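The two complexes that follow have chain A in common; it is paired with chain B in the first and with chain C in the second.
Presenting the complex of A and B:
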């Protein structure tokens, strides 16, 4: 049986296809609020092409993500937490905690041995938009996302920006530019501040084991961010390949299981 | 490559009629802002050429590039310009400027030139700062207010939002006005909250059942920006006469002045009609600097 999972994120829609439970294809589409359904079709098309399948082959489709109800052709919707938990368990059976860090939301879950959710915490308002913020700062500083990922760590005594608020952080960034601080150093400071904000979500749960925390979401691809987050939280994350497809993978697995 | 909806087009213009070689005095004003940079070149006090670009990550480079862009194809070289004045957030980096001038003064002077002598209230809607300036009848600033920290970054926020929603930045203002009635604004406190709330509108039952349109979502966000600007204007010293909130001879300057979704809502709430200007309102700072040196 072919099952599809579609994660309707704030910035990107991700699609994953499973053939009898084995990953068969992945696709991505730029979402942007109102146009999520067309983005979902583009993402699914990409996944079908990779898998060498056609839309008629799909037995069941499950949607998740912020725009999960926008998808008219989904058979079922599941919340982001449930999809993330399912994906984490599939990618790392020993996982006891999951963090999903995306464009707008950061979600942290703790899991019991069977993969059931114990605790689920979403970022508070001021820690929203961390992924979007870093992308916005990259644009402003004329750095590509690859360059953002390759940033050096923040040096001791180096530049810092406000780590409580993205509005203040942007002003600090502009002050640092005025002081001729190198762009990469400023970007590293912004990345570190983003990591601190994400840590506020981790602090709201009791992490059962610091070596079995799975990191999903688009921010998992940003190596500089992950390093900053590990330094700030003391956690050594399990980072699966294609972590940004975590929600979609979880949804596809749920389509298979139910 | 995906389209960069947030990236507004730069501009450049040079007079075809005037000949700079005949001018007695050539001056230039350069405004290196947090988000955009402008240069205006005057020949004997008349606007001869101008340009507007994205500031980018290097203020010094932006300062040189914007002047080069303004005088490109005119045959004029940097050395032909008699005096240069700089202003704006990155003005310290305009190494070729003979004088650095205060932004409020430059915007007031520039607005007078754009909107004529009658303008009394100048509202500068920049990338980061929002300034409300009250002028005397003559060219002097009577009072001015700047946004507090939480109301910063209005222009930049529109850029970010357009990138996220994939709506061309030149169109979002007009689109937001195509609504029969303005919906409630999203958070009027902070744009980080407003962004999340705006994206959340797309998930609301009203939106999903087509009772709320895309344009109403944009309207909700533009209204929240207008609201924050109104907070700055409201702190200006009220005029001496009449039961009015501001001197109604009002002119907008800055990049967001070109977004009617913001300006029309401010006009509506204040009960005024903004003056129509002779030049691109984004040039006000650079123009003022060029006039003041």
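Presenting the complex of A and C:
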């Protein structure tokens, strides 16, 4: 059976196809928040192409992500948390915790041995837009997100920006630019501030997990961010391949299971 | 009518018609107070002002939230007016909105703001609550009488509480004398006794209601229903006898429902509590949660007429919390007796969920236990310290005690500015789905 999972994220829509439970194709579409249905079609087309399938082959589609109710052809919708838990267990059966850090939401779940969610903690608003924030900051610094992510670490004691509020952080960034602080240092400071915000979500978990913590979402592939987050949290994350497709993968698995 | 996924029988509430009638009467009384103000009478901030027949009461909290619900653009204007005066954006929305209206000089409907002629600030742990008196006096020179903040930490100490009552009783008697002298108003002792007797009866009935809500599964009344009546006779000025009769009516109906397993929510599968006031302008979330079979039992705040009304005794049983009355069982005969009775719960206030930050996080766990809750929804208000203090600590303790906790954010219960309604409902979906609960009928 072919099942599809579509993660209707704010910035990107991701699609994953499973053929009898095995990953068969992935696709991504840029929605920019406004064009989610067309981005979903583009993402699905990409996945179908990779899998060598056509839309008619899909037996069931489950949507997740902020725009899950905007997808007219979904058979079912599930919350991001439920999809992330499913994906984490599939990617790392021993996972005790999963963090999904995306463009507009950060969530942390603790899991029991069977994959049941013990505790779900969502971000406060300021930690919500961390992915989107880094994207905007890269643009301001005239870097691509990939370039910003690949920057090498800077020595301690360099520039800092406000890590309590990302609006203040942006103003601090402008001030650093005015003082001709090197862009690479500013980028590191912004990334560190984002990591601090994301850590607040980890800190809200009652029994903090330090082992087998799976990191999913778009930020999982931002190397500089992961480095900063690991330094701040003391956690060494399990980062699966294609972690940014975690939500879509979980949704496709739920389509198979239900 | 049967609901989707219905497990229990449910019926509309019969007291609802009477509640609507009383609320309409209250509305009318506010309108007539405004006329009296126009004639130059006195408005005060003081609980006991009700026994001064010609004194109206304008409290910042209800005034601020009323403005916010009447007109968002006007509320925004008020907040700006307050900010221009130097008050921070992080000031509690109730206060900021009310103060702004005072600075502008008019209310949402264009009528003049009812300026206060004197203030009696009520003590509170919250710095912003306390500034209610300060900002009125900063605005124009009016007399102020202080209600001393009597707080002590540690376990309850009846001897200390009695000493506090004595101190405060003296201050209050003096305030009453001063107000009579300065404003030429007569304090109506007979009315005072009548009010206190009525309040104590209302208190008894509402404690019964809280007990029935806490101890009956399925709950016969949800907090959504309770909020439609709970200010009647407490925040509102209505006829004392009518108030007592009404609360008896409510208690009797709730008791009957409990005895006959008539549920507030026919598909009750998950019981949850909150902390402090809800987002008054977005009470829709209660109904939304009911689609999951999740019923809200309220908060310590909601059961505040009966604040902390129940307690777990050392032997494990649950009973009504013992209230200290001073002198115990003294008949209500003189003004002094009345003042003492009136102050007693106030002095015990430090041991109330809001006032003592040390017991605050433990009290909520006891509350969840007594109300047989499965989880708690806590609000992280961005403005207003008093309503959010120790919230994270409470969450931690609740989680450790086995309750499932979810947060939502907004600027403040009486302020629409910062509550993302869509996000809020999505968080509730996450809360329910991660516990394996689905919307009924889905």
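Operating definition for what follows: the second predicted complex is superposed on the first by the 252 of 258 C-alpha atoms of A that agree within 3 Å, B and C clash if a C-alpha of one lies under 4 Å from a C-alpha of the other, contacts with A are read in each partner's own complex, and residues count from 1 in each chain.
As a working rule, a residue touches a chain if its C-beta (ideal position, glycine included) is under 8 Å from a C-beta of that chain, and two chains touch if they have at least 3 such contacts.
Model, not experiment: these values are computed from the prediction.
Participant: When the two structures are laid over each other on chain A, do chain B and chain C clash or fit?
Facilitator: With chain A aligned, chain B clears chain C, so fit.
Participant: Looking at A:218 after the superposition, I want to know if it touches chain B, chain C, both of them or none. Which is it: first, second, both, neither?
Facilitator: Once the two structures are laid over each other on A, A:218 reaches no partner at all.
Participant: Looking at A:141 after the superposition, I want to know if it touches chain B, chain C, both of them or none. Which is it: first, second, both, neither?
Facilitator: Only chain B is touched by A:141; chain C is not.
Participant: Of the two partner chains, chain B (first) and chain C (second), which one does A:246 touch, if any: first, second, both, or neither?
Facilitator: In the superposition, A:246 touches no partner, neither chain B nor chain C.
Participant: Using the superposition on chain A described above, determine whether A:25 touches chain B (first), chain C (second), both, or neither.
Facilitator: neither
Participant: In the superposed arrangement, which partner chain does A:167 touch: chain B (first), chain C (second), both, or neither?
Facilitator: first
Participant: Classify the contacts of A:178 with the two partner chains as first (chain B alone), second (chain C alone), both, or neither.
Facilitator: first
Participant: Once the structures are superposed on A, label A:66 by its partner contacts, choosing first (chain B), second (chain C), both or neither.
Facilitator: Both: A:66 reaches chain B and chain C.
Participant: So in the superposed three-chain picture, is A:125 touching just chain B, just chain C, both, or none of them (first/second/both/neither)?
Facilitator: Both partners, chain B and chain C.
Participant: With both structures placed on chain A, which of the two partners, chain B or chain C, ends up touching more residues of chain A?
Facilitator: B
Participant: In the superposed arrangement, which partner chain does A:5 touch: chain B (first), chain C (second), both, or neither?
Facilitator: Touch partners of A:5: none, neither chain B nor chain C.
Participant: Closest pair of CA atoms, one in chain B and one in chain C, after superposing: how far apart in Å?
Facilitator: Between chain B and chain C, the minimum C-alpha distance equals 5 Å.
Participant: Shared contact residues on chain A for chain B and chain C?
Facilitator: 66, 125
Participant: List the residues on chain A that touch chain C in their complex, please.
Facilitator: My answer: residues 66, 78-82, 85, 107, 109, 116-117, 119-120, 122, 124-125, 204, 206.
Participant: Name, in rising order, each residue of chain C that touches chain A in their complex.
Facilitator: 380, 392, 395-396, 399-400, 404, 406-407, 409, 420, 426-427, 429-431, 433-436
Participant: Residue numbers of chain B touching chain A in their complex, please.
Facilitator: Those residues of chain B that touch chain A are 2, 6, 34, 56-59, 89-90, 92-93, 128, 149-150, 152-153, 156, 160, 163-166, 190-193, 195-196, 198-199, 202-203, 208, 214, 217.
Participant: Touching chain B in the complex: which residues of chain A?
Facilitator: 10-11, 30, 32-36, 66-67, 69-70, 104, 125-126, 128-129, 132, 136, 139-143, 165-168, 170-171, 174, 177-178, 183
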